[in-house]
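Only one structure is covered here, and it is reproduced in the block below.
Labels A, B, C, D, E and F are assigned to the chains in the order they are written; within every chain, residues are numbered from 1.
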Amino acid sequence: MTELISELQRERVYRLAASGTRSDGRTPEEVRPLTIEKNYIKNAEGSARVKLGNTDVLVGVKVELGVPYPDTPDSGVLSTGAELIPMASPYFESGPPRPDAIEIARVVDRGIREAHTIDFKKLCITPKEKVWICFVDMHVLDYDGNLFDAASYGAMSALTCTKVPASKIGKEDYPLPIQHYPVSVTAAKIRDVIVIDPNRQEEQIADARLTIATDENGDIRAMQKGLRGSFSYEEISRVIGLALKASEVIRTKIKA
Amino acid sequence: MEDVEHIEKKMKLIDENGLRLDGRKPEDMRPIRMEVGVLKRADGSAYIEWGGNKVLAAVYGPREAHPRHLQDPTKALVQCRYNMAPFSVTERKRPGPDRRSVEISKVISEAFDSVVFSEQFPRASVDIFIEILQADAGTRCAGLTAASIALADAGIPMRDLVASCAVGKIDGVVCLDLRKEEDNYGDADMPVAMIPRTGEVLLLQMDGHLTLDEFDKAFGMVKDAIGGIYEMQKDALRKRYAVTAEEFSDLPEQAPPERRAPPEREAPPEMPPEDGEVPQ
Amino acid sequence: MTELISELQRERVYRLAASGTRSDGRTPEEVRPLTIEKNYIKNAEGSARVKLGNTDVLVGVKVELGVPYPDTPDSGVLSTGAELIPMASPYFESGPPRPDAIEIARVVDRGIREAHTIDFKKLCITPKEKVWICFVDMHVLDYDGNLFDAASYGAMSALTCTKVPASKIGKEDYPLPIQHYPVSVTAAKIRDVIVIDPNRQEEQIADARLTIATDENGDIRAMQKGLRGSFSYEEISRVIGLALKASEVIRTKIKA
Amino acid sequence: MEDVEHIEKKMKLIDENGLRLDGRKPEDMRPIRMEVGVLKRADGSAYIEWGGNKVLAAVYGPREAHPRHLQDPTKALVQCRYNMAPFSVTERKRPGPDRRSVEISKVISEAFDSVVFSEQFPRASVDIFIEILQADAGTRCAGLTAASIALADAGIPMRDLVASCAVGKIDGVVCLDLRKEEDNYGDADMPVAMIPRTGEVLLLQMDGHLTLDEFDKAFGMVKDAIGGIYEMQKDALRKRYAVTAEEFSDLPEQAPPERRAPPEREAPPEMPPEDGEVPQ
Amino acid sequence: MTELISELQRERVYRLAASGTRSDGRTPEEVRPLTIEKNYIKNAEGSARVKLGNTDVLVGVKVELGVPYPDTPDSGVLSTGAELIPMASPYFESGPPRPDAIEIARVVDRGIREAHTIDFKKLCITPKEKVWICFVDMHVLDYDGNLFDAASYGAMSALTCTKVPASKIGKEDYPLPIQHYPVSVTAAKIRDVIVIDPNRQEEQIADARLTIATDENGDIRAMQKGLRGSFSYEEISRVIGLALKASEVIRTKIKA
Amino acid sequence: MEDVEHIEKKMKLIDENGLRLDGRKPEDMRPIRMEVGVLKRADGSAYIEWGGNKVLAAVYGPREAHPRHLQDPTKALVQCRYNMAPFSVTERKRPGPDRRSVEISKVISEAFDSVVFSEQFPRASVDIFIEILQADAGTRCAGLTAASIALADAGIPMRDLVASCAVGKIDGVVCLDLRKEEDNYGDADMPVAMIPRTGEVLLLQMDGHLTLDEFDKAFGMVKDAIGGIYEMQKDALRKRYAVTAEEFSDLPEQAPPERRAPPEREAPPEMPPEDGEVPQ
């Protein structure tokens, strides 16, 4: 079941975006208000509730003992999941994660894993035998657009306040070793107009989507294009620029 | 015999002054805080903090039931999905329904089924979603209590609010509203949901060991507690609508928040009727 | 697919129940004929085939070696399942257990587990490492109402004749250590009338259901209310009384 | 070579007198007992004890096939579900279908498909449920044999009864109706189902090792055995209807047991036709 | 979703078969051209791509370390799977294997296992602890009839070129110990006519199917009858004869 | 810092002469071979060998989308299923979709969605199946490239062909078309799919670490490569139709291979249009 939108609405949202003032009053280059509440869940080793406009995501990190993968015997393990629970939208259904949720989880996962966000070597207890496993569960509570970024901010915020429960094995708890702070920024292309942090209506009529994660040095750490439309090279470059610009204040909030 | 041994070994839950681990007396409840209208997308929603529990409830509907072959031509389906977030418990819970949550979803659905005026909405469904964000025993009672005011927030016509609380026995003493250690090491647990005004019991489960006298005592205790929760529910609904009114006066230009009109819905009873009259 | 029943039938069954003589000739407080055949399955460590009226349930107990749960390292493990196989009713479907079957299994499970029916400490072989696991599988062969009680009687009867196959580990087989004999009795409320051990037709038109398990001391060991209707406190008390009264003869049959 | 080694190591299944573990001669079957009409809810049912096997078969239909998109507008679906109870085997079997039971369900469905006059019931299904309560090798043959008389009990119009038995080879000797140890440590197993009167083979599977001569011998042996089983099936059906007649005469006041009339069903052939004529 | 075929086509295919010259020009006793390309997949320990007419099956064998079954502690393990992927036919669907695929996999599996094709004792490394597991995956790429035989030839061909990767545990790689070369031949019965190696059209209108696997000594190693029709004893004997005759040249190709 | 340590430990991927493990220069691609029309049953098909990758693509459609409730009344669904054979990778992959293949299926479906003239086929589906028979990094690019010519082979009307290639960074050097070891131990990987004539990017993913300059360099490099692949695609299609023509002249008596006519399909563009004109 997908949400349908009338041609009239579609035209209205496009016109607004094209005019430079979006349906919620923002400029095309403006991110919605972002609030981050860390340590929201006491049963989790790390957690954060993130509101990006009306989009509301709760992320919990559980750190448990486990066995490393055979090909990385001296590294901890990351396991990332996203659930688009039916509470968050009339168009989300219960059941196993659908492609949308899987794509979000995998993009966030790669953003953490491939960008070397965490020093996984420091999560090894006994090589080949015992390591810490980080389960990052992203729970979408209210959907009003741009889950990619909201989930990503939630995951990064939760990780930054995660304590490895080493006291369970007779050592001292220590913070998860974070090495980088990649920040993802998502743009939507509506016909010829590009806006960042699209809200739900904008997302519905968007032709294409582009997520760019950049780090504290201004380098690119991850990209993911979505939807049926296309981007030109110039458009991609412009989105990278917008992402770099928007990411700084967001990074400050995530690190806070 | 084994019970004695069991008690000897286990954690002491009541001290020499008759106080519980967190200093409560047997008839004391944990602190409760509830708030209505906390989600934007859902038709109705509520949040409850109940001791260490953090629970969200959302309601969608009445809306067309799907898949279609499940539709009931005589009434709306009232269906609840109770779900625990993977990080809500000490040891991570695998996502998706387990047998426990399937059972709880079933008994909560049944508890609301006769309270909602479902005959008004044939072929429709009223969908209740309860998410346990943080768990500390008594989650089904907290979820049911929150769902009840989320239903009211969604404007679903109901005979009355439903309120819920658990009672149990620890160290041989009947106590209200067990927390996690008390539930794990206690002797009995009995969650109850009622229509507080009429005393109709809509949910009742019990396991462990209660004598007949203990059952009577426990039932009386939980009935009183449920009365108190009912008052909190009404306060939370009043506060919500008061705030909304305020918002409206502050922002005269803005349209009221959009909400899908259910098919031929009666005017939503913003507040449950104070008298005992039950329509229909 | 649920079974539909006409208004006429509904009225007829109610009238009969209200008159004090039910459709099958019983009084409201009367349980159907109960027969229990123990040790029905030679491949199981314990088993019983129970007929409660025309409701026919076969329960097998398999006792196998396994690992204890981390939080109860010195206790055996109980695993209870119910299958409403399509043989038993035109309205049962194949596939994974549905909520009805799960509720039955869980109520029976709690009735055994939380009522300390079995001394699980005596099923420990090596703490933290090796214990006996009891699989109680309830197989419904013919459905004519009141599966809660039929399944529960089957489970209790099978457990009472279960042998722990300790000879597999070089010791002597011994009977499963049973400590209590809780007996469940289920009542159906049809409008203002309460009957116990409802048959299929009564169950179909019942407004509410209440199952009470009581033990040999007259104490309550489990309760479960079902269906959309409600019970008053007085009604609950009355059902407790009926359960206590009916349970004695049933307990004798289970222990036999 | 490896076969020799294999045989040397394995359990001896036939003694110096040519007798099997349970004292049977190669051509002996295990004791069989069957009963028709053992379940109340099903449209037809049968129970069979065959050596250490205990098997129930039930039939529902002809009834509307569902889900609807599986309906065949030209004929009824004949579909069998073979299932083993978790406790039916030495090591507990996880509930639900495994690959073995899916295959067996398929070959049994196919065996009955051309025997039932399915063209009489378009869009319908005839559902056969076989439950293995206790297993001791040969369960598919036992189940098929029981299902056949359960179909007759349900009044499903059929060309004839189907009967089934297995034959195999142990310690190099062709033997009828292997039991579990014989099947596990034997050289070959071949379950067969036939229409006994015509010799039409409806189910045939074989694995292991048979020379052409052994196959011929085995086939002859199992054909004879199936003839005997056919007689037992007819006896069981006769007994059932005799008893029913008796019950009726004893209880003249009571209505006959309710049974859903299948759509436009022919009068059920209570007994398979004795002559070779096949109605159509 | 099953493929439908018109009465006209049905009649035409039958007439041709009955006439002694089939729709593709073969005689009833003739197998389609068979080509076998071994070692097709370098990531597999053994593999073969088999074309039987236009039916195209790729089989890969992976040999991995694992634990033996408790009841055969000194034997390697065989695990056989068939996937009828939707690429191969408009009537194959994605999802877990359906009965058709399961039947094929199981018949091939029994043909290997029960015919003692492989000497599994030689796949044991440490009894009870460590053995080689052979995963035989049959991937149907193009379906034009007679998957039973095409899959079976693919499996046997892949096994004959499989190397056990013993170098992983510090020993020398060695070929999988093959003891027998059973060859399956499938016949279709169309009314009163029997043809072997049925093509797709013949399979669609066939009343009954019979697969016979025979070994290099002319003995029977496996049989499987399928579809709703029946065979007489004489017909079975005839199919055995046809199978023996056809199997020799096929066996030569498999061993090559 | 940690990156430095990481690099020090890991496999050296570029030698002192600037050459890669297999002797390629940074801007070199692996050998590619493609063939159109390799399967009999599918409406269109193609096979590609790309370095160590062996990939088949098949297309069915336009055909009625099912299940019906997924049909779009305004356009055809373009849906891709990317699947790895269990034996295609070093460690056996369990059959069935994992999260990785679900994501890849999604992004490939999206890449083709706007290229196919799907509005011509309401309620239909165009189904693309990509099977990875042997994997050596870059499988999604190889699959997409093959699927594009399989779509053309099936006669599906498209704006143009789509071509795809990956670019990455290893040992700090931007390199084209990584093979497996390079992907595993490299610093970044970026698969791209484009309409080569217009430069429209339809698929873009990247993980790892690229400076802005590196991204620009990588993008330019992959754009050129994609142009080359486009030429190979056209060659393969030309070869296919040349062969077909030849076959036809050789076998004048034989009817052309049967192919289901899609509903109201335009004449299939055997070759993508060379000019920039886009019909609609």
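Note that in this section a residue touches a chain if its C-beta (ideal position, glycine included) is under 8 Å from a C-beta of that chain, and two chains touch if they have at least 3 such contacts.
The structure presented is a predicted model; accordingly, all values stated were derived computationally and were not measured.
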Target subunit D, source subunit B, minimum contact steps: 2
Chains contacting each of subunit A and subunit F, listed by label: none
Most distant chain from subunit B, judged by the mean position of its C-alpha atoms: E
Label of the chain whose CA centroid is most distant from the centroid of subunit D: A
Averaged-CA centre spacing for the pair subunit F and subunit C, given as whole angstrom: 58
Cα-centroid distance, subunit D relative to subunit F, in whole angstrom: 52
Inter-chain centre distance, subunit D versus subunit E - centres from mean C-alpha coordinates, in Å: 28
Euclidean distance of C-alpha centroids - subunit E vs subunit F, Å: 32
Contacts with 2+ other chains: residues of subunit C: 97
Residues of subunit B touching at least two other chains: none
Going round from subunit C, first to subunit D: chain order: C, D, E, F, A, B
Interface residues, subunit D side, partner subunit E - complex: 2-3, 6, 99-100, 102-103, 105-107, 110, 113-114, 188, 190, 195, 199-212, 215-216, 219, 223
Partner subunit B, residues of subunit A touching it in the complex: 1, 40-44, 47, 54, 56, 58, 60-62, 64, 81, 83, 85-90, 94, 96-97, 135, 137, 139, 141-144
Of all residues in subunit C, those that touch subunit B in their complex: 97, 99, 102-103, 105-106, 110-111, 113-116, 119, 121, 179, 207, 210, 215, 218-233, 236-237, 240
Residues of subunit D touching subunit C in the complex: 39-42, 52, 54, 56, 58, 60, 63, 66, 81, 83, 85-92, 95-97, 127, 129, 131, 133-135
